[in-house]
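In the two complexes below, subunit A is the common chain; its partner is subunit B in one and subunit C in the other.
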Partner chain A sequence: MTDIDTLQKDLANLPPDHPDRRAAAVPAMLSLQSETGYLDDAAIEKIAEVTGLSSTEIEELATFYSLIYRRPTGRHIVQICDSVCCSMRGADQLLTAAEHYLGVSLGNLASENAPTVLPSICLGLCDKAPAALVDGEAAGPLSRTLLEALLKRLQTEE
Partner chain B sequence: MDTILIDGRSIPFEPGENILQAALKADIQIPHFCYHAALGSLGACRLCAVEIKPKDSDKAAHVVMACLEPAQTGLEVSLSAKAAQQVRRHVIELLMVNHPHDCPICDEGGECHLQEMTVACGPSYRRYRGNKRTFPNQDLGPLIHHEMNRCITCYRCTRFYQDYALGNDFGAMRLRNEVYFGRFQDGPLENPFAGNLVEICPTGVFTDAVFRQHFARTWDLKTAPSICPHCSVGCNTLPGARDGTLRRVRNRKHQELNRWFICDRGQYGHQYSEHNTRPLSPRVSGTNTDYRSALAAAAREIQAAAERTGGIGSVREDLEGNVMLRSLLNDLKGIFTAFNDPELETATLTAVSRMQELDNTPHLAALEQTDAALITGDLTFHAPMIDLALRQAWRNGAKLAMLHSSAAQLTQFASTAATIAPRKMHDMLTQLYRQISRQSGANDAVTQTIKTIAATLSQARQPLMAGVVETSTAQDIIALAELAKALESTAQLIYVLPGPNAYGAALLSAAGETVTLLRAAERGEVQTLIVAGSDPLSEPRSGARWRAARQNINTLIVLDCIATATAEAADILIPVAAWPERSGTFVNYEGRAQGFSTVFHRPEYLPSTADIISEISHLLGNPLRDAASMLQDSFPGFQAPAPGTPGAHISAQHLPIQYSELIQTKSHSSNNGWQAALASWLGDDPLAGFSPALTKLAPPNAALINPESAVRASLKNGARVRLWNSVSSVETSIQINPSVANGTVAIQRSILARLGIGHGDSVNLEQLV
Partner chain C sequence: MEAILTRHLDQDNPQNLAAYQAIGGYRSLSAAFDLKPEKIIETVEAANLRGRGGAGFSCGMKWRLRGADAPSPRYLVCNLDESEPGTFKDRYLLYGAPHAIIEAVIVSAFALQAERAFIFVRGEYAKGGHRLIQAIREAETAGLLGRNLGGSGFDLHIEVHLSGGRYICGEETAQINAIEGKRPNPRPKIPRPSTHGLWGQPTTTNNVETLVNVPHILINGAEWFRRLGINGGCGTKLFCVSGKVKHPGVFELPCGTPARELIFKHAGGLDNDERTLLGFLPGGASTAFLLPQHLDVPMDFDPVAEAGSRLGTGSLIILDDTTCPIETVLNLTRFFARESCGFCTPCRDGLPYLAQILTAIATGNGSADDLTLLDEFCSTIATQSFCAFAPGAVMPLVSSLKNYYEHYEQHVITQRCPFDASGKEAV
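Presenting the complex of A and B:
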């Protein structure tokens, strides 16, 4: 858990054109997440305290943005797009294949080293459909074989 | 006036209105979910699709959302166009994809907007055969039951809760087809208007958790127009009963008062009438008996006492009950008062006389238009709907200035707020008065707070002064009225009075009778005391004196519908009908008389207070005329307003104006400097205190002091302390709260009553080791 002082210092270092403390909510969440990997309930309450918003208002933001995680994540995160183009090109089957391969449902961790697989809203990678973000890097078009190979590599690499 | 054409019918509209608003006003029901008159348009549900044909003939007819399309002269709108019907049908089909179709076991069934719209617009069968999306529900406390699977994502709940009622512990989570309306974690909703989620939700996501415990289908409920008995605002309600029991209370629209909403005390306080301690059988000397024997016994004792009879009416007793009791006492030449505390009587009479004098007390809808307000005391728990109206004024840009002694929720929206110890309030108001009227004595030495408030009020188009009678002295009340006068004729004045009929009680009271009666009782000059709907023995300030005087009273006759301490102590207890079980009239804070009807009858025989007094007068051989004629004697030309109508301003002679010099307040003995302040909460009303759902939400009964006072007295949060005076002593724990004034200890009514002190009285505080 990050010290509240660090967070507040982060807040002080935010660009001056942030209109108010409310605007600091997302950067504060990302800053805390970069240290802890995800935000637990205590983190949400801490951010509420720092930004002066209520914990419900922070939760509204935290659960809206797909790059903010409310549950423990693996060392690697694969976000498979399931919006229209990718869906038409087999994203749903990819998501099922991932669940099958990892042996857990989406968003859950099979083991400490396992990657986290999540569905995602449109990534703007329609030309590579079905596409994914692997630790923030674009990947695609994916097939079941390519995905399984990718997951295997992520699971085993140091 | 400008008109649009809807399916060939010419409909007038006001500039700025959209098609849906114009249509609804003309009673053309365009199907909709997310639009609400109080919340406006959002365009989230897509149900209000209509086809429009622009005036410009080279543009083709197309489908638009009626709630987002401004009405324009000559616009041709079609509700029945095939294209529009098809859109509405698809919208319903999509919304119903995940809906659980659990109408037979859903509490909303029968009054569900989604059910109605589906029948009106949608397909009759499901085509989707896949899995439905499911959600876990949250425990939202004792008032609201949560069933998220039924949600159709219209956002009405968050728009009401966050935007309208300004709550921040409930919101919309997640995204896409997983949008979830709830709290960060399980727990009771904190906003005092949360109960409106039940009505605002077009389907059964939020249902009434109290109604659910003893449920009836809406078509089985007996309803009739009633008036809320829980504060002086007089919100219109629609109680629903079945099989001789009251099941729920809903708001009933009054264009100038509560409109679409009601506070949680109004919606859930009704459980008092079903409480298991409620007296339902007459009791003489502790033995249950029938009405005939009880009334005969009462008449005997009254006859024996003759002019040594006293009568206490009540601020929560209707006009009829109060006027009959007063007439009975007049005939007997005994003493009548409608109040049980001399200071509260003076304060209420002063407040009513000042509102009569200024004649500029706004109703709730007008209150929302105010642009600056000075609020003394806590409105949230003394008149919640006035608070809600001021929240709307704040949303419209009004500047709120608050002076308060203990915690007041509205301070979070105040542009200027200051905590003032109860006995320093008058001084503060006087300084403000001098600053505003630029009288001698106005100088640069006044605090910045005073300067800011004075400037805000002076610059306002229509400033409002709002005070709470229960936590004000008569001097504070006069000072606030003088401020309003100094601000020229546009200034509005509101005093929150101490009961649903406090205004009416004041009109029927002669100044000083309460102290006369109390002193007579203390001297043993009251042989028989009749108490109707009042609880003098639990009164914070004078309860201790009444408890002592009780020893000198031969016969205590109590008429009430709740088991108060006074009712428990009665020699003759005569249960009366609760408000939904009788008809009568309340006069609200504006002086608006509003009638309420009998909604239902319980299996037990329960007459109204007026009926019982009339019976007794017959037994005494000097029958009183009926309450309506009695009221006409007091208020010439008075016609009881019919229930369900907007009510009428009661035409009464103005109460005599008393000036501050004439009002005696008792001198406060010096002690270690603590002043008591009333810490109010949602269930803090004699009736609502019997509602289990509300009492579950009671805050801890602690002694609240501010951090500065805590440091000075070396008290830590949670420290055990003893509050004491010559009457009694109470042990409690300290809670540090920055919203309490310096040198003030904010405590709940029950502790004040045990100590026999009121708001502003002195109290000793010492730490227990």
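Presenting the complex of A and C:
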């Protein structure tokens, strides 16, 4: 049973106006996304059904949060910090290098196996600037060479 | 100085329950349960523990003002949504000692007689959040959480809320909306969360670093805690130092440690010894710049405020003389423009406009009128917006107009950035 099924089962017995239903919206989105990589329209409908909220309300939340994706993502996600400390240490050059290396603009998928690269607000890795999160794991300090090697590895590994 | 909060941190291999208990972990529970909740609050207030999340409000007073007669259910929220640029201290706590966070939440919830606590973890720290959930399960199995925990007669359930991102979720009332599953806009200031917070019930929110001090205060006493500080400060503080320094990092030092010691001793000084200090942000992105003349200001709430800035999260961001202050302010303003929740117009539309004007100046396309415009718009945006986000957002910009005006003029007069040649290093 997947997390979302468990959640659905837990919520099924609650009255329609129980506050836990609404409170489950973000956990449900993150849980479903961890399985599918992003939320398509069917996923939005599914979460609406599980929580009892309207699909418009779910859509409103999904588009508010930066870590909930409404577009397909690659098998790996690289978030490069572009905030102040990383910027002082060349983050903008890393972002340009990533676009150049992948041949697409940030957030777009170059090919089926390509990683998704996104700019991010401060990742709390200022002691590793310029830094990134690679599938949630900290990486840094990065250089252009290190970043390209990383992207290459993510692209080619099985 | 003996480290209090960071003594047992292990980022790679944090203690499990048994290891944590072996080093004295969870010892504060019996100390707390021997006291009446009001007595704990009195002790925390006497210790002068001030909020480490940015505002610096007295933790004990916040707890006392909620009132012992607050109707049930009562909630405690531990804010671990650290997103202030330049701030990474709470990450050390989360990844390094999850059980210390749980212990702190238990004794704090007991003081507040809160039966349900939430730990709000930023989505970017999800790996740490999962470790924390594991630690909570361990504590539950050992009877340290749940009904009649530790045989105390007190019931507490802790839930980890993993966030979907966005800086605004760190704001107390936006965070309450986020936990409830609503769009995380800040709420009106009245009614206060202390009476009408989560689901309309009494809710107390504290930063995680604030809370992890509480067990130590209970074990060692208020006077001991006060004496840990220097130059009038109380307790220790997790200072972050980053930017143009040799050894950026988190340093646990007495509250009141001068900036000079933090930057030049603990963080190893500027990257390049031939450069000089241009200035620093003392408390994260939403604070005003301080200058080299402020290096001896004790890093504590009141002295930093007297110097014209805020201690904020105690995160120093260092600029050397090759860092363009205008480009730095532009980066900060872009950050805030992107992170505005969009609820009120001055913030949603005003901040991107400021970023646009700053871009023009930074790229050599600005005019003298732009400088006047920036000043005027900052005061309009700060005073007309709904929550504390926009006033914080314009703080570095306003202070840069005061402290670095000649740099702005130079950009406008020469129509180029004078730092272009020296400030940019290839990575």
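The criterion applied here is as follows: the second predicted complex is superposed on the first by the 141 of 158 C-alpha atoms of A that agree within 3 Å, B and C clash if a C-alpha of one lies under 4 Å from a C-alpha of the other, contacts with A are read in each partner's own complex, and residues count from 1 in each chain.
Throughout what follows, contacts are C-beta pairs under 8 Å (C-beta built on N, C-alpha and C of every residue); 3 or more make two chains touch, one makes a residue touch a chain.
The structure presented is a predicted model; accordingly, all values stated were derived computationally and were not measured.
Student: For the three-chain model obtained by superposing on subunit A, do subunit B and subunit C clash or fit?
Tutor: Aligned on subunit A, subunit B and subunit C clash with each other.
Student: What's your read, subunit B or subunit C touching more residues of subunit A?
Tutor: Per-residue touch count on subunit A favours C.
Student: Output check: A:I121 vs subunit B and subunit C. Expected answer is one of first, second, both, neither. What do you get?
Tutor: In the superposition, A:I121 touches subunit B and subunit C alike.
Student: Once chain A of both complexes is superposed, is A:G90 in touch with subunit B (first), subunit C (second), both, or neither?
Tutor: A:G90 sits against subunit C, while subunit B stays out of touch.
Student: In the superposed arrangement, which partner chain does A:I44 touch: subunit B (first), subunit C (second), both, or neither?
Tutor: first
Student: Would you check which partner chain A:S55 touches, where first means subunit B only, second means subunit C only, and both and neither mean what they say?
Tutor: In the superposition, A:S55 touches subunit B alone.
Student: Output check: A:T63 vs subunit B and subunit C. Expected answer is one of first, second, both, neither. What do you get?
Tutor: In the superposition, A:T63 touches subunit B alone.
Student: Following superposition on the C-alpha atoms of chain A, which segment of subunit C from the set 91-99, 325-333 or 379-387 overlaps subunit B?
Tutor: Stretch flagged for C-alpha clashes with subunit B: 379-387.
Student: For subunit A, give the residues common to its interface with subunit B and its interface with subunit C.
Tutor: Residues common to the subunit A contacts of subunit C and of subunit B are 53, 60, 64, 66, 121, listed in rising order.
Student: Which stretch or stretches of subunit A touch subunit B in the complex?
Tutor: My answer: residues 41, 44, 53-60, 63-64, 66, 121.
Student: If we count contacts the way the header does, which residues on subunit A are in touch with subunit C in the complex?
Tutor: 19, 21-27, 29-30, 51, 53, 60-61, 64-68, 79, 82-85, 87-90, 93-94, 120-127, 129-130, 133, 136-137, 142-144
Student: In the complex of these two chains, what residues of subunit C are touching subunit A?
Tutor: 82-88, 90-91, 122-127, 161-167, 178-184, 199, 240, 242-244, 248-250, 285, 315, 317, 319, 323, 328, 331-332, 335, 338-339, 341, 424-427
Student: Residues of subunit B touching subunit A in their complex?
Tutor: Against subunit A, subunit B makes touches at 168-176, 180, 183-185.
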